[in-house]
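So the structure is just underneath, and the comments pick up after that.
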Amino acid sequence: MTLLLEARHVTKYFGGGLLDRDSTVALEDFSFAIDSARPSITAIVGESGSGKTTLARVLLGLVAPTSGTVLYQGRDLHALSGAERRNFRRDIQAIFQDPYGVYNPFYRVDHVLTTPVARFRLARSRTEARGLIEDALRAVGLRPEEILGRFPHQLSGGQRQRVMVARALLLRPHVIVADEPVSMVDASLRATILGSLRQLNQERGISIIYITHDLATAYQVADNIIVLYRANVAEAGDVERVVKAPQHPYTQLLITSIPQVSTERTWLNEQPVAQRIAPGQTGCRFVERCPVAMPVCQTMPPPLSRTEPRRVVACHHHPDPAGAQQNVLADMFVES
Amino acid sequence: MFSYLRRNKSLAVGVVLLSLLALFIIVGNLTVDTELARPLSVRALQPPSWEHPFGTDRQGRDLLAAMVAGTPLTLKIGFIAGFLGVGIGTVLAFIAGYYRGITDTLIRGIADIGLTVPGLLVLIVIAVSVRGGLTVNQMAIVVASLAWLNPTRTIRSQVLTLRERGYVEVARLNGMSGPEIILREMMPNLLPYLAATLVNAVSAAILASIGLEVLGLGPLESPTLGMTLYWINFNAAILNGWWWWWTAPIVIILMVFLGLFFLTVGLDEIANPRLRQSA
Amino acid sequence: MNAPGMNAPGMNASVLRVEHLRVSYDHPLGSVRAVDDVSFSLRAHERFGLAGESGSGKSTMALAILRLLRPPGRIDGGEVWLDNIALSSLSDDAMRRLRLAGIALVPQGSMNALNPVLRIRAQIADALGDHDMALSRSDLAARVRDLLGQVGLPPEVAEMYPHELSGGMKQRACIAIAICLRPKVIIADEPTSALDVVVQRQVMATLARVQQDLGAAVVLVGHDMGLMAQFVDRLGVMYAGRLVEIAPIAEIIAAPRHPYTQMLIASLPSLERKGMMQGIPGLAPLLRDLPPGCAFHPRCPQAVARCRTERPVLREVAGGIEAACHLA
């Protein structure tokens, strides 16, 4: 079994080397795998500074990890030949957050659709290309006559984002990395766009990596979830389990911080006070905000433990019953 | 087009001034005998009359002919130097701004050092070292040698901004190479800015060339605007009361610079909202 | 602030009253109505929400209330009353003095609008100084410390620059500036949209506490229905520049009357059950090209013939609940 896309112990520091005290760690020891035989939707949830954007860029090969490797079909991303690289670019597509910045204002929106068709030689003639493009637009619920020929500023944010999904579709990828695809889109349109992504997964077997800060949409859309806190994985696993019965104190905090539409108005109430244990050089990064922190949390980083068949947690309150295991995170996603 | 000119007054003024100049040059070259711009062609020091509408100078040049022949020469120097300067500057700016790294540090370093050295001084030194004086074309090259410094810096900053745009990232994900991205994605968005920079560079080049000529370092036989000013100085025309001699070139120089200035302002107005749109 | 002879009884008096407000933007292609005949009132201590998506006119309304609209925007009609003073009757100077002292605005993205070269202390002092509050140095320092404490920021923040603060802290500093003159009304336009969910809660809790301490009224402008549900007492929903529903929040959650409100609430992803998230099909209408009749009818699943021709009027459909729908 060759894994399609794999991250092995990826760590990324910015500014200075591994030992430089002035450097910031954006991502630490992250492992992950996608098996093309089992397409799924994985949500990566975190706040700003959690490392989720860095993760997206590392997986897309836009940024090289400081240590660790990213493998595409078993080969290191940064050691691919020209042809292999072209395959990679076609196979792993991206949708970005800003539905305006991704369009070159000089060209009509057709440009974002015709360019990949031309570059990856998806069609043999202009008519064939046009057909492919119109099909892709219809697949995301847009009418080609309303979209083609227009300039980006003439379309709404939701339309622009859907065109980006259509673009990703054109290339028939196996994986789509969607980095906050709906956070700049109106609430009423989010469902449609996320629905398209779900449809792509179910009907075309495309794996989706959905990166967001919005736990609620992550719950609705994804099968698996990875919760990041300041460059580390706090908790990961089956989305129903993680959201309904969160084990990591940070996940619990995230869930209770979401304001719900309900007549129960507890959201503004006093929150449990953090223990305020000072963070150490090593140790759990959540220690200063954690309401249940223990002295060991200050000194020893919590290992990722498999607490259920489909869940891992990095917290000293949930030690691994079977002892420390390597690569639990990646393993969990590819095992049945 | 015309409705836009009505809204962008600076552009309109610039276009009008430069069109008048162009008209003057074109019609002038068709009607006036430019041979009369040579010295000893006509009676010297005649005030304006029907025969010599701009009068004549001390060396026997018909001043109308001199203006008609000389203005395009001055402009030519400006255009050649300006285009060369911005052309080189653009290439260097894109290489430095897009690829960053050591090439960027080098290019930026040279440009920065160059910018601190007083330009006119360098030009004087170069001009003086050339044996036998400069021709018009050589003037253009001399001025161009320094004209690329400022454009490199300013265009580089624009490239740095554009580089971070989402669509550039998407282009990289499409597997486009650096030069492709520069030409197809970035350059079109910079065109208004480049146009404004070009007009600016032309203006600066003309100023530099006039500066050199006034000092007597220009092509002595040509009736360029700067050389005319040199002869005016040399012959103390102002003190001697030969007002017609210095009125014409000054008016024309004013029109050139004001025209180019308003054109720059007008183009800036086009450039900025465009850049904001892509921001 | 009190006009002579105007003594309103405390309980039911409205501290802010917007009546038939109309705002237009002049455009070469024609004038566009961004806010169309909107009326609502705000009692002291009340938290009122103004919900709507992009293009609904809610931010324009916030600016219009404070007379901060710039050409090509202008107030086309209607009136805003602050405590029985008609704001349109005030001179520019009087209005300027009223801003921050009577009504304060925490604008959208204000945390990014803090002056990057001034310390927080100086920015608060600026606000105080603009309103002729000549304080001695020690008084000023004490006032700043006091204000920072009210928003839950440690006194050291006074000496810091904006870039040294996190997003949540910057936003709380903006709230401190907004309350420094103890206004009666605070309008907060999407105060937490750029903040993470955990920080959002802290900032909103701060706003609630500050509001209670001051006895002020708050208008929260935004699009997050969950946030509205947890924070406001009454909610007004805007669509295409018009108010389509206005009611106590509990009523809106229990039984929204207008189809747009219903669909807006339904489009919120729940954490209870996985299912298809629902959106609202179609696109928000272009303000210069509004459909005839009800502006929402092209997207409304319950639209009938009458909706296509007759524009519904905002009217009371039950006690304290108003809706602009023929079917409510």
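Quick notes on this one:
Each chain carries a letter (A, B and C) given by its place in the written order, and its residues are counted from 1.
Heads up, the rule we're going with is that a contact is a pair of C-beta atoms (placed from the backbone, for glycine too) under 8 Å apart; a residue touches a chain by one contact, two chains touch by 3 or more.
Fair warning: this is a prediction, and the values are worked out from it, not measured in the lab.
Taken pairwise by the contact criterion, the protein chains link up end to end in a single open path, with no chain closing the loop. Interface comparison, A-C versus A-B: the higher number of contacting C-beta pairs is recorded for A-C. Centre-to-centre, using mean CA coordinates, chain A is 53 Å away from chain B.
Inter-chain spacing, taken between the CA centroids of chain A and chain C, is 33 Å.
Residues 165-167, 169-176, 185, 188-189, 274, 277-278 of chain B are the ones touching chain A in the complex.
Partner chain A is touched in their complex by these residues of chain C: 53-54, 167, 196-198, 200-201, 204-205, 208, 223-227, 229-231, 250, 253-254, 263-265, 267-271, 274-281, 283-284.
Per the touch definition, chain A reaches chain B in the complex via residues 60, 62, 85-86, 89, 93-94, 96, 98, 100-107, 112, 115-116, 119-120, 153. Touching chain C in their complex are the following residues of chain A: 47-48, 156-159, 186-192, 194-195, 213-217, 219-221, 239-240, 243, 253-255, 257-263, 265, 267-268, 271.
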